[in-house]
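Here chain A shows up in two complexes: once beside chain B, once beside chain C.
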Partner chain A sequence: MPEITFDAEVDITDKVCPLTFVKAKVSLEELEEGEVLAIRMNDGEPVQNVPRSMKEEGHQVLKLKDNEDGTYTLYVKKVEA
Partner chain B sequence: MAATVDYAALKKGGFMRQKQKGYFSLRLQVVGGNLTAENIKTVSEVAEKYGQGYVHMTSRQGIEIPFIKFEDIEEVKAELAKGGVNPGVCGPRVRTVTACQGGAICPSGCIDTYELAKELNERYFGRELPHKFKFGVTGCQNNCLKAEENDLGIKGGMVVTYDKPACINCGVCVKACREGALTASEDGILLDAEKCNNCGRCVKSCPVDAWKGESGYIVSFGGLFGNKIYKGETIVPIIKDKETLFRVADAAIKFFEDNAKAGERFRFTLQRVGEEKFEQVIKAAAAGEESVF
Partner chain C sequence: MPLTDEQIERYSRHIILKEVGAKGQNKLLKAKVLIIGAGGLGAPAAMYLAAAGVGTIGIADADEVDLSNLQRQIIHGTADVGKAKVKSARETINQMNPDVTVNTYRTFVSSENIRELIRDYDFIIDGTDNFPAKFLINDACVMEKKPFSHAGIIRFKGQLMTYVPGEGPCYRCVFKNPPPKDAVPTCKQAGVIGAMGGVIGSLQAMEAIKYIIGKGQLLTGSLLTYDALTMEFHKIKLPKDTHNCPVCGEHPTITELIDYEQAECDMK
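Take a look at the complex of A and B:
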């Protein structure tokens, strides 16, 4: 599978729910429609919930990559509401 | 006066005798935990005028207005009725049906709990039985409403199916599933049906709707959370339609009515009469058969 190209990245491994989602959302707000954000998050609650929250906000989730270090990277394309 | 007071009748009408002689705490009917602003205004006015200016929130989403005087009871009922507020019930009968906000409001909800609570309430509320009987409706596996505490608990869930051509193999569902039921493979996502608890998180999280969910009801029987504590047990798999749900609920209530001793909670009836016998009744009802007992 080809690597996903992205326009910006944010690390939310320093936050706990619900600030994980808040931090990711703030980063996404700085992007233009159609740009891709790479969000690095911890295993467990963030990886269970953040992808779904992004979907519920109307953005397009592209891929969840296992970094094999206890973190995951979620690629999200910004969709304006 | 006291000699003529019919406490059982008052209890049936939601009036709970207080420690303080001549005073009653009036329990109100709050279906599925919702009240209109108009209802609340009326309750507030009655509490000010006839009570002591406060209400008590009960553990089952109800409101009680304490310190109602015996002689004001009829007047209080009439004033409440004008604001669309009805008394609840106490004693050996079907109690207020409780519900979380459910699918109409909550992103996690798999079923419309409020609609269902209203329907259950219309069908069963106040029905005379050998002992109290509680219904609770919760929208999903998060179980905010604690379905298994109830004599009959209903939990929303989803029967899920995988649409492989639509799947982009993003991996989100595998992590969203908390039961370890999903595995990514060369051939798309594999579902271990044994592990699936019908939570619907794969459906809710899938960015391309490759997981389809059909809403349904997971029913538990015989829960207790009072003097004795028992978790309600599930007997049949998730029920996909309301008709079957009501047939199963009818069968459970009838079993209780026919078999319970006065003052015996559902759980103890099941233990005394035999849980296998009850299982047969419920399985038959779920399969569409009329009860043979």
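Take a look at the complex of A and C:
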């Protein structure tokens, strides 16, 4: 499967809930409609919550990739409300 | 300007909200709100706006902190008695949030100074406790095309409404003229339950915040009343027709500001 191309990336592995989502959301707000943000996050709580919160805001979750080092990368396409 | 990491953390509960986000928080940080009266209403309004990160808060008040203020004016403390209210308020806000610039005006608002005072601000909060000031603020905001929140509190009751130019009646549309002086008790003579300022002043802050972020419905065209004893809120629809109003109507007869006389006991 081809790698997803993205327009910006953000690392939220240094944050805990709810700042994980908040930091990702702030980065996504800086993008244009249709652009893709790659969000690197820790396994556990962020993987549970960040994709769900992104969907709730109306954005399109493209893929959650296991980096096999205890972190995941979530690809989110920005959809303007 | 991008938010700093510290700001992202400080305002995280705002940024999470769909209606606010980083965009709304930036609007708050750029906004300028003037609070006239640092008393029962102005104190909680100023504190919630400061905590929310409203970037510039102006406070106008000529008085000094009195021991009898402390039962409701929570921006001032016991050690502030005798201090100018604007100074005491600024000190509290500076402690709360370094993102806020506080402009202080140690003055009574009058027909001479009010238009210039409000010109620089995006939203005005009427936190005064007397009718002459309320009509003055209304007329000045109509003339300068500034949105403002009116509120009044007495005993166990409170009320508020919001004026936005072109979007509904002004305070004078509804209340016409100040009552004859000494005909109506002010909160100084009648008393007021301290938490009433907290309820109504916080609602004024809420209106300012919603106006700034551009979300939700404001109390334009409605008067919200609150009775603490019966624990009832009423939202009263106000007449839509503004064209006969002497100040905001089509042919205004009030084109100069009026300094109404204040009741004797309200003068210091």
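Note that the second predicted complex is superposed on the first by the 81 of 81 C-alpha atoms of A that agree within 3 Å, B and C clash if a C-alpha of one lies under 4 Å from a C-alpha of the other, contacts with A are read in each partner's own complex, and residues count from 1 in each chain.
The criterion applied here is as follows: a contact is a pair of C-beta atoms (placed from the backbone, for glycine too) under 8 Å apart; a residue touches a chain by one contact, two chains touch by 3 or more.
Being a predicted model, the structure only gives us computed values, none of them experimental.
> Based on the superposed arrangement, let me know which partner A:21 touches: chain B (first), chain C (second), both, or neither?
In the superposition, A:21 contacts chain C only.
> Any idea whether chain B or chain C touches more of chain A?
The larger set of chain A residues in touch belongs to B.
> Of the partners chain B and chain C, which touch A:81 in the superposed model: first, second, both, neither?
second
> Quick check on the superposed pair: does A:72 touch chain B, chain C, both, or neither? Answer first, second, both or neither.
first
> Looking at A:30, would you say it contacts chain B, chain C, both, or neither? Reply first, second, both or neither.
second
> Once the structures are superposed on A, label A:57 by its partner contacts, choosing first (chain B), second (chain C), both or neither.
In the superposition, A:57 contacts chain C only.
> Which residues would you name on chain A as touching chain B in one complex and chain C in the other?
Common interface on chain A, chain B vs chain C: nothing in common.
> Show me the residue ranges of chain B that touch chain A in the complex, using the header's touch definition.
107, 168-172, 175-176, 178, 201, 204-207
> Tell me, which parts of chain A touch chain C in their complex?
The contact residues of chain A facing chain C are 18-19, 21-23, 25-26, 29-30, 57, 81.
> In their shared complex, at which residues does chain C touch chain A?
2-3, 8-9, 12-13, 15-16, 18, 21-23
> Applying the document's contact rule, which stretches of chain A touch chain B when the two form their complex?
1, 43, 47-48, 51-52, 54-56, 60-66, 72, 74
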